[in-house]
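Every chain is named by a letter (A, B, C, D, E and F) in the order it is written, and numbering of its residues begins at 1.
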Amino acid sequence: MSVLCFGEIMLRLSPPDGLRFTQAHHFEAVYGGSEANVAVSLAQLGLKTVFVSRVPDNDLGRAALGAVAFFGVDTRHCVTGGERLGIYFLEAGAGRRSSKVLYDRHNSGMATLQPKQINWSTTLEQVQWLHWSGITPALSADAAAATLEALQMARERGITVSCDLNYREKLWQYSSPADIMPQLIELTDVVLGDATVFHRYFAIEAATRQQLLQLVAERFPRLQYIAMTSREGISASHNTYCGILYDRTNTYTSRTYELPDMLDRIGGGDAFMAGLIFGLQTMSAQPQEVVEFAVAAAALKHYVRGDFNLCSESEVRALMAGHSGGRVNR
Amino acid sequence: MSVLCFGEIMLRLSPPDGLRFTQAHHFEAVYGGSEANVAVSLAQLGLKTVFVSRVPDNDLGRAALGAVAFFGVDTRHCVTGGERLGIYFLEAGAGRRSSKVLYDRHNSGMATLQPKQINWSTTLEQVQWLHWSGITPALSADAAAATLEALQMARERGITVSCDLNYREKLWQYSSPADIMPQLIELTDVVLGDATVFHRYFAIEAATRQQLLQLVAERFPRLQYIAMTSREGISASHNTYCGILYDRTNTYTSRTYELPDMLDRIGGGDAFMAGLIFGLQTMSAQPQEVVEFAVAAAALKHYVRGDFNLCSESEVRALMAGHSGGRVNR
Amino acid sequence: MSVLCFGEIMLRLSPPDGLRFTQAHHFEAVYGGSEANVAVSLAQLGLKTVFVSRVPDNDLGRAALGAVAFFGVDTRHCVTGGERLGIYFLEAGAGRRSSKVLYDRHNSGMATLQPKQINWSTTLEQVQWLHWSGITPALSADAAAATLEALQMARERGITVSCDLNYREKLWQYSSPADIMPQLIELTDVVLGDATVFHRYFAIEAATRQQLLQLVAERFPRLQYIAMTSREGISASHNTYCGILYDRTNTYTSRTYELPDMLDRIGGGDAFMAGLIFGLQTMSAQPQEVVEFAVAAAALKHYVRGDFNLCSESEVRALMAGHSGGRVNR
Amino acid sequence: MSVLCFGEIMLRLSPPDGLRFTQAHHFEAVYGGSEANVAVSLAQLGLKTVFVSRVPDNDLGRAALGAVAFFGVDTRHCVTGGERLGIYFLEAGAGRRSSKVLYDRHNSGMATLQPKQINWSTTLEQVQWLHWSGITPALSADAAAATLEALQMARERGITVSCDLNYREKLWQYSSPADIMPQLIELTDVVLGDATVFHRYFAIEAATRQQLLQLVAERFPRLQYIAMTSREGISASHNTYCGILYDRTNTYTSRTYELPDMLDRIGGGDAFMAGLIFGLQTMSAQPQEVVEFAVAAAALKHYVRGDFNLCSESEVRALMAGHSGGRVNR
Amino acid sequence: MSVLCFGEIMLRLSPPDGLRFTQAHHFEAVYGGSEANVAVSLAQLGLKTVFVSRVPDNDLGRAALGAVAFFGVDTRHCVTGGERLGIYFLEAGAGRRSSKVLYDRHNSGMATLQPKQINWSTTLEQVQWLHWSGITPALSADAAAATLEALQMARERGITVSCDLNYREKLWQYSSPADIMPQLIELTDVVLGDATVFHRYFAIEAATRQQLLQLVAERFPRLQYIAMTSREGISASHNTYCGILYDRTNTYTSRTYELPDMLDRIGGGDAFMAGLIFGLQTMSAQPQEVVEFAVAAAALKHYVRGDFNLCSESEVRALMAGHSGGRVNR
Amino acid sequence: MSVLCFGEIMLRLSPPDGLRFTQAHHFEAVYGGSEANVAVSLAQLGLKTVFVSRVPDNDLGRAALGAVAFFGVDTRHCVTGGERLGIYFLEAGAGRRSSKVLYDRHNSGMATLQPKQINWSTTLEQVQWLHWSGITPALSADAAAATLEALQMARERGITVSCDLNYREKLWQYSSPADIMPQLIELTDVVLGDATVFHRYFAIEAATRQQLLQLVAERFPRLQYIAMTSREGISASHNTYCGILYDRTNTYTSRTYELPDMLDRIGGGDAFMAGLIFGLQTMSAQPQEVVEFAVAAAALKHYVRGDFNLCSESEVRALMAGHSGGRVNR
């Protein structure tokens, strides 16, 4: 039985060595996207994973799927089509200079995905968990419809559904998320979000985090777990990070990690999400352990280049056990 | 007095070292486009040149213009706007494996250029030659209208106009070139083309090259010069190249160059075009010398990486004088 | 139904840019091995393929399998074990300077493979063709026994078996190939070899190629096809290449390709082998077409970096159809 | 109206990735020099800028000017001549290991500049501010005379003049700065300096900074502003930085920035100088805002590779407004 | 008179730019090993040094010795032989992610060294100090015997002997170190160790460090100096470091260095050892200065890439004198 | 007994990948110079060699000597001094585009060498052959005097002296070579030259090569051997090469090599010179074999990057024996 992640994968292009965009004479190329990142993370943690997406029938589309397959994820249920692979340009910041992202993702294969293009019946065989994110329905009305189709099929089969709400303001052009997201969350069991996204998607606001969690839980009775993360940006190279997990009864807060000398912060939230899914599948009776695991996984991601968190369960557990990173593993 | 080149500039991304697209972990980034290439070439040959385009108001747009300004071209009349900079991916071939180009240029700043966005009155001050190509009107109806606007303004000011017909089949989506190009060529003095493009744009066919040139000349009485180039592809790394110039009276054919061990063939035709403009401006009474100069310039381009032909007049003349490249210039 | 390739995969380390070993400050790293190369080639041609090997349980072993999975090959039946991943250092030649290979492959996971470590019953489900090479039995007596086990299991299931005889003189240390190889070839349907290897493995010599093929065919009555290739080394950068296919009745000889400006000749024979398997599976009634396809595939390999031949069927067919490589595919 | 910066530009060669000089197998090449750095900075902040220098008539000279033109600076008034382009080798430090600079700039085009080589009449048209530094008169008696010529021409035209005193002990070989600099500062309106340079150039010493500023102001009555910066070097990768501005009445001190994880500290002072000129031109009635802007610009420079500070006004203002760098700008 | 260092040198392969092993498309290649590192360090400090080892007769062996000779060490007494050069793969950590070392050194030239292969009579001419480490006897019984031979020859000639005890648990396969090391230490004058190694090699344990040093001194009456170092790993990029020197009478403790933003921690102990040897040879009457020098040298090593500490005596003394690294040396 | 080579070593900086100077964002750095190249070549061929030069006392000077020591040459007799290391910039050509060299070598340590700075008495111990070139006396009157000193000392000791006449027109600024070179050649036993250099140095011209050789031999009766090479430049990437050796009796002409796909032609003549010295020392009774060896060594150099010819005697002999480079040495 495997975890299926459904979403867009893009080409990420970054100037090397901390150069600014205008200084770049080459761009480092990796592939990533929120849901693909979760899939790769889960595969490194040891779960069987499947990634489902739509990519153009060209070499960039093939390379994107190859990059995911390299790390042990099953990509055979992906479909091809559309004009282009979405691109995002990342200028990594340093110290007092912020990181900068330039999206160039309109009209991609995934943005023009339509319902019925993926054969969910065969794709969902052997699947026990489906993960999606708020990015896909933001891409287009068709993509939102395709997401709804997937969630309904999953529900019919009793598959657990998780969602990283992932609000991307610039993407929501065809509609407001408030008109689209609620019906999708009603088919979802586990969400990762924050105060902003709860407000934009569900118009929920609250004075305290505790109250906020309760309001979201009330609004979506099917939800079993609501998770949040909290990041403080001391500089572009130094953040702190912690996580929270609410199981409709209690709220579990992780320790806070100092993250000095970060290599790559993109995908930190996806690493948390993967840690959460892994934890809920393998240690769900211990919410505190789950959230500690998820946040330790996310912490390690900041020291792995690219979108993917290439860390094993034993590496995550070593950090949870207090290893600082200061030892050489021979 | 300067030469103005008007057209799109794109980000070109290529895998390094002869790698295929699916093997690339970084892409080499240069900027180029047919008309920008002509402008840079002319600046290296010593002419005052101006490049006019529309690029998005972001770092990639700025870098594209900077790359042209680096080589001495005046870019101050460019305008900003549009959602994105066009991209083309180039996989350089070798030996028996062909080069491959993947265009990702829809919806660029230049494709969404509209008439009146460029202030041609001030832009055309001090200009004595305007160069455009068949790519711009292919981008969109608006871009074609903007091209027409430019040509009319040029005509009013007695500016000589040249055009590289440059047929890109995949671009002509909103219309057929046969409905658009003729009226633009009627405003043009010098064209570079080939049998295919004369057929597609003007429905002109002929049994011999001589007859073809005469038919085109008859169809467009304003044309003073019609040039053609001929390339033979022995392999992806070895071509031959020659050029022809017709002045409504005689046809002048250049020597044919062997081009072994080519480094980068993109922009060879643009280097020829620049050599032609340079020749017609500085040695127009000698058509044979003009076409020899243009084809020698094009030959050298195959040994310069990137879109731009970074060769000086003395380098072109040394090749014309019979230098094989086998000597070290100390 | 898929093609299974069984053999060792190694880390290949090469100085960049034509540097010699003593000049290298970094080594380019790819993964490859004769049978893995065949598997990847076949996947690019569109066949379902499986690669079976034994790699150490460390990051280098995982990366080796990932590199194969990237290109669409199923690696789930590989097993882990052994102390190290074999390495080979490649110094690419140029012009008058020959290429140089330094093997460092003793004691690898595959060299210490033992019978029963691979579960052939499940691995051979859905398999209709098994490919192996003369390298595996050369590694150790255990590896030879494991090969025998695989071939016997394949025979029981009616699976077609092919072998690239691939003589590596330095590897045969525990025994002479003449004591090991014949019994393995008796279980094989298709072989690729040359005069040297027929002599070393089977003590067969002949005055003419025709006679040689007949003697091998007589010695191994099960063999349906015997293939040979012929390479002439004009320089380290320029070879010629052709192939021969014998079907026990007729001998089919391909056209001879000029291969100037080669990028990477390693894996040329594996590309031929893959072309052969592909041809025999999809066009077996036309031996002439099969051998032309195989040799065109091999020709293209010389223009792809790394061990793998990353060319599609349509690219191979374009070369067969006479395309020289001199055209840009836009 | 534009700001003109006058001075030397050099080729800067640095080992990559923190390597020491003796470990370098390639050197990263950028171009820079104190006054060119100010020009590029100002162009990024949105001012029209002109750079005037003398470079050799070779490809390195051309590339140096191209690098400045890339970022929007007008280089058309530069002249060519002299034997070579000055070079400086930079070994970037890290942590406890200091950065190291090796100058190789003798006999450069700028060091052999003579009066009358630059046509100041046409060059100073449309100029309202001229910036120079103490490096130019240190190069040679001729270069000092050429500087004097420029300042006199500027004074005649009522152009504001600024100077970064920039003491380079090893350069002053033909004379003592005390014999050269005072007469040049008498033609200057704004200076940037420090206690050491005031002592070496003007023999001014004082017990307190306040007293020092007053003594300099008394000695040079034309000076409208005297600026100083203060840097503390916690390690090669971590400094603090603040600035001071004195307007003959009050002293304005900026906040002090922590600069952890610095990428490139060269050009920090030039970025401050550019911020100062920008501030005095656009917000001169608010000296506190001016010095805050200048020091924030300098702070950002430590996170931009190369000599140039490639930051926009809005980036500087975001840092002034308290953004730590810890946010991703999407 | 020179210092001779005797031990293995390996090829070290590391992914660039903080990539993990599975992400590497090239490996940076340097050569190093504990004793070679000491030799190179000493040569930078100004001592005459000799390195003695056994490497295979191939290009990798030659490059390893060349890398040592580059830095002024005499390698003419090395011998060739054996099948391969040992390799170690290093994945540099960052922040919370630990560094990782994968050894692939079995069966190397040095591991198969036998007594009598090195001509110690001529090799030890002009030698006054011999340095070895606990790694060599761990490689094989033969290597241990060859070490014993060297030490006996040194003793006969009155040569001072030092040893870095350097415990590598995974190497000790043919025997326990407790059966091998004591007799070698009995021929040694100076050792560098720690509590773990004293326990494993000599079964010595103690409640306090002072007591531990006394017990070791008692057990080995020939020992003149026992040194220890202490490292705290705050993160993979930030450590602290100090050293201790015991002269059978007093214990001298160095200041503790903060080591933020480390570039490469491999070879830190070897840099300490070299500082110790240098100090004992040139300032032996001042044990406090010796240990301060050794630990400052080690501190600087963390900011030099590769195994070798490429720092001069003046750089070490500048750090001892309190320079933080925050100044640019022009 | 060893061969001593005396001359300048420089830093060579080249744009990578066939880029032109104005396109370079980094320069590849190697060290070389005619005489150092001969020394390294001879060391690879197995001779004991010594390199004597003067380099500045800085890291670039140290790296230059380290680069030579890496390849087994003894550099202990070099001296330090002078302001800078000479630099030359090399833009490698390709096909029809010629290579280009920009010298920046004035005022180097070697150009300011004075007599008595090298202790020739100790340096010439154990030396049986001294090699110099026409570059050193061209640098300055002092360098010419220092060369004379070296040759006189060599003559006193009966050391054989060879000279590569190496005419560099731009270097001869303080004097004409005709006033300097003859007296130096009178102390020389073996020269390598060509028609141009015989004319410029000795005012010797002749109608035929045979006559030319005789005239030179008559003019310099001490000369035992006069060698010449002949290169034809088909393109920047394809030359032919042959050599001639005259022993005052007969003229021996080598076979002519085709050199397609050249990697680096710099140092071809130095490789020939080294082959000549090696041949004359080890096979001097066979002039035909000597010249064949020298020209085969030179041929191989065109396939080794950098100035140095890193080829072994067996590689040279394989080429002489007819190996085309087309075989992989496993």
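A few notes on this one:
Basically, a contact is a pair of C-beta atoms (placed from the backbone, for glycine too) under 8 Å apart; a residue touches a chain by one contact, two chains touch by 3 or more.
It should be emphasised that the depicted structure is a prediction, and the values quoted were computed from it without experimental measurement.
Set against the Cα centre of chain C, the chain with the most distant centre is D.
Inter-chain centre distance (chain E to chain F, centres taken as mean C-alpha positions): 40 Å. Centroid to centroid, with C-alpha atoms defining each point, chain A and chain B lie 45 Å apart. Annotation: 62 Å between the Cα-based centres of chain A and chain F. Each of the following residues of chain E touches two or more other chains: 16-17, 20, 22, 25, 66, 70-71, 261. The full set of touching chain pairs reads A-B, A-C, A-D, A-E, B-C, B-D, B-F, C-E, C-F, D-E, D-F, E-F. Only residues 16-17, 70-71, 257, 259-263, 299-300, 302-306, 310-311, 315, 318-319, 323-330 of chain C touch chain B when the two sit together in their complex.
Against chain E, in their complex, chain C makes its touches with residues 13, 16, 20-22, 24-30, 58-60, 62-63, 66, 83-84, 87, 89, 91, 102, 104, 106-107. Within the complex formed with chain A, the residues of chain C that make contact are 66-67, 69-72. Interface residues of chain F, counted against chain B in their complex, comprise 17-20, 22-23, 93-101, 103, 168, 170, 232-239, 261, 265-266.
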